[in-house]
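The following pair of complexes shares a single chain, chain A, combined with chain B in the former and chain C in the latter.
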Partner chain A sequence: MTAQLVAESLVKRFGGLTALDDVSLEIEAGELLGLIGPNGSGKTTLLNVLSGFYLADSGTAFFEGQKITGREPAVLAGRGIARTFQVTKIFRRISVLENLLVPGLVDWSAGRSTVIEKGQEILDLLEIGHLADGPAAEMSGGQAKLLEFGRIMMLDPKLVLLDEPFGGVHPMLKRLMHDRIRDWNGRGTTIILISHDMGSIFDLCGRVMTLQNGRVIANAAPEQVRNDPVVLQAYLGTQDGEAGRGL
Partner chain B sequence: MALFEQVVNGLIISIFYALAALGLSLIFGVLKIVNFAQGELYMLGGFVYYVFASLLGLPPVAAVLVAFAALFIVGALVERLLIDPIHAGKVERVDEYAIMITFGLAILLQNLMLGLFGPWTKRPDAILRGRVEIGELIISGDRLAAAGVGVLLIIAVLAFIRYTWAGKAIRAVSQDRETAGVIGVDARLTGMLAFGLGGALAGAAGALIGPVFLVYPTMGVIPVIKAYVIVVLGGLGSVPGAILGAFVLGQVESLATVLIPDTTRALAYKDAYGLVLLVLVLVFRPQGLFGERTRRA
Partner chain C sequence: MNNQAKPIPSPAAATGLRRGILGLLVVAVFFAIPFLGLDEYWIYILTIGFYYGILASSWSLIVGYVGRISFAHAAMSGLGAYGSIFASTTFALPLYLAIPFAGVFTGLVGLAIGRLCLRLHGAYLGLTTIAFSEIVRITITAEHEITRGSLGLAAPALFESADRVQYYYSFLAVLLASLLVMWLVLRSRIGLFFAAIREDEDAAASLGVKVVRWKIFAFTFSSVIAGIAGAFYAHFIQLVAPSMMSLQEMGFILSMAVIGGFQNIFYAAMGGIVLEVLLEVLREIGEWRMAIFGAVVILVLRFAPNGLFGGFADYLASLGRRS
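Up next is the complex of A and B:
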């Protein structure tokens, strides 16, 4: 079976810094891959290359057999690749519901009322339906994260790239987000999840890939990665170091 | 009565200002560049109107619409050929490039029209001749009709931005170009549309004001300075700010002339009031009435 997403030897440099150093990966359709690594290890850079934000210096990525490196983000969104941002990005000066009705998200051929109904249903599912007509600028940080989620749901994407979706989110909202991620994945959506929240990573993901200094140092089942001495060293800094934040 | 007359005059001139400033604001909002050739797009609108209404005999309102459409095409082409390289990552010093390229375009267009039509002023046919009397108030027909068409155009553009698919794309890209791209909005096409619309509004303003203040190659120089004052006053990139700013400037200019009894001297100082207003806004509220405070990293 051919993998849905294939990246071959991706390299991305910023001046003298090599943010991605020969990174390759394969993801089957419907997989939920966790992407972890210390700060500055290249996780977000990888997402930026896969979503068309950055041009790779070398290497190629394919989605469903078609080359995606070098394509505009809007083109990739049209092919079913959606993403969220580490720092939440919503359209603050329009209403919450209007955030879900931005043109690229919406196929208006379905009819205006159908589209609005879909938007409202998604907001209700995320338990922010009551805020639909209010300005997005007045949402809390957690609610804005949910709205970003909702915006992706409007796209009905095949591949979702989530960058730190749980950062600064209340535990109640986090549970809700876990449920939505599982629902999505259960319906066959492929997901790459970046998070420093190891509980969430090990709870949700079927496979975990670890980056350090732009290189893949582990790519295995969560249990294996949790006990991998190379991964532990990457997180703790020294092999016999003092107590630090483990996995 | 003199005061009331000044208020009405201020309102009428505000409509022309709003048309010109709205275009500038739309372009800045979506593309984050200041178009220094906006005054020349306004001038081109005046000439298109002159050619179609006076030389080819088209009905004046139809000639305004032709100017609107023609300048939409000119604006869209300017964006695709000269501005798009900024967003295609082909330009390193974006701000400097945008200033130089639009400033150069302004000089090119002025000299092009100077070569084609000469430096002499032209008075195209007015939409409505004569004058209109409302009680004791007397307004020239050309101003009133032009203001009426201007109001309709402003309402049409606001409705377009508020209710249409393309208008939603413009609002999304003006708030966050990157995010709009990630969710499938073609930001380059939206930029082209915004520049086209900005050009069309400037062209319509030039066409409407041509019969009142005459058409000549440098006619856009002073109005565009006023448009800059207005967008700074309202907040760069803010559409409601541009409209409110236009009305504030129109009233300030109009009412301030009453302060000096000698009308010749009063009119000579008219343009200065806007600049005083600009300085005050920059000192006390640099983000304008509707703008947001931002800091560049």
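Up next is the complex of A and C:
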């Protein structure tokens, strides 16, 4: 069976810095892949290449057999690749519901009332339905993360790229986000999750890929990665089993 | 018995209704003005105010709604003016065709500039449009044999009679029509895409919004409106000169939109009308008017970023919330 997402030898350089150094990966449809690594290891750069925000210097990526490297982000969103950002990027000066209408109305065949109904349903599911008519600027950081979730749910994506979704989020909201991610994945959506929250990574992901200095240093089941001395060395500067508990 | 409560009108809907009524009142006042015995000179000034209202509101469409700065609006208006004159004289088109031709012409120019620089982030559009404005103005000034340079080019009149009131109502109608068209676009899904682009281009693109396409559309659309406004202005004034494309003229349009409230096309239009009247009222102090307007722009940007009319509307909304 062909993998849904295939990346072959991706290289991305910024001047003298090689942010992605010959990165290859394959993801089956419906997989939930964790992407970890120290700061500056190339995780977000990989997401930016896969979502069309960066042009790879070399290498190619395919989604459902079609080349995606070098395509515009909006085109990739139309093909079912959605993403969130490390620093939340909500549209602050429009209402919460209008934030969801933007992706909903991108499809010109969609009627406004149907999109509004769907948007309200998603907001209710995320337990922020009561904020629908208020300005997005008044949301807390955690609510803004949920709103980003909601926006990409409007796209009914096949592949979701989540960049640090749990950063600065209240534990209760985090549990809600876990439920939504599981629910999404349970319905067949492929997910790549970047997080420094190892509890979430090992709790949610079926496979974990580790990057260091732009290279893949591990790509295995969570329990294997957790005890991989190379990963421990990269993350903590030690192969000590004690320190490994942090992972 | 039906226990369902009647829906309570939301404060936002009530504020919208109040603003709508206020808007209709303002339009009614403008329709009534010629019947109030106002001097013909002021009818003439208000007619020019309507012209500036069109320019200020269509400029605010790019800046206030899409978040991109352009300094080409006066040049677009000038291109529309010259385009319509050439279409109606050299090519002998009737004015009802020459004026739309001017709109199409400036739209094509806007499209070309948009395609050239709207892929780039940051200040590139602003810098490119300054250069473009000056190139157009200098070229028209230099091509004396075709354009008569700074002497100005005569334009056929819009109407056979020189009745100022006829022009007044025509310009008022053009202003209202352009505001209506812009409002319809802005309240459609396109307006939502504009807002998303203004707030965050990357986020908009990640959600499927074709950012470059909509920025180019906004720039082209506002260029068309500026071109049509310039064409009407040419056939009203009946003599156009390259000075109508100067950066000082662009500064007027910017001041009008900012002081009125550039985040709302209606407030920006009011800024255009009111500032044109004030320019005439303060004519005695000469160039000091410009310095005063510059200072007011700075103060408004600092203390009333929604402009004077936007600030007034916010005040009305706050009264509504309290009641």
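Rule of thumb we're sticking to: the second predicted complex is superposed on the first by the 232 of 247 C-alpha atoms of A that agree within 3 Å, B and C clash if a C-alpha of one lies under 4 Å from a C-alpha of the other, contacts with A are read in each partner's own complex, and residues count from 1 in each chain.
Here, a contact is a pair of C-beta atoms (placed from the backbone, for glycine too) under 8 Å apart; a residue touches a chain by one contact, two chains touch by 3 or more.
Note that the structure is predicted; figures quoted are calculated from it, not measured.
In this superposed model built on chain A, chain B and chain C take up the same space, so to speak, and clash. Contact with neither chain B nor chain C is seen for A:235 once the two complexes are overlaid on the shared chain.
By the touch criterion stated above, A:62 is placed in contact with neither chain B nor chain C. Legend: residue contacts after superposition of the two complexes on their common chain; A:133 is shown touching chain C, with no touch to chain B.
Contacts of A:202 after superposition: neither chain B nor chain C is touched. Of the two partner chains placed by the overlay, only chain C lies in contact with A:112; chain B stays clear of it. Within the superposed three-chain model, A:101 lies in touch with chain B and with chain C [touch as defined at top].
Common to the chain B-facing and chain C-facing surfaces of chain A are residues 51-53, 72-74, 77-78, 82-83, 85, 89-94, 98, 101-103, 105, 108, 151-152, 155. Contacts from chain B toward chain A in the complex involve residues 165-166, 168-169, 171-172, 175-176, 178-188.
Taken in their complex, chain A has these residues touching chain C: 51-53, 72-74, 77-78, 82-83, 85, 89-94, 98, 101-103, 105-108, 112, 133, 151-152, 154-155. Chain C makes touch with chain A in their complex at residues 10, 12, 189, 192-193, 195-196, 198-200, 202-211.
Contact residues of chain A toward chain B in the complex are 51-53, 72-74, 77-78, 82-83, 85, 89-94, 98, 101-105, 108, 151-152, 155.
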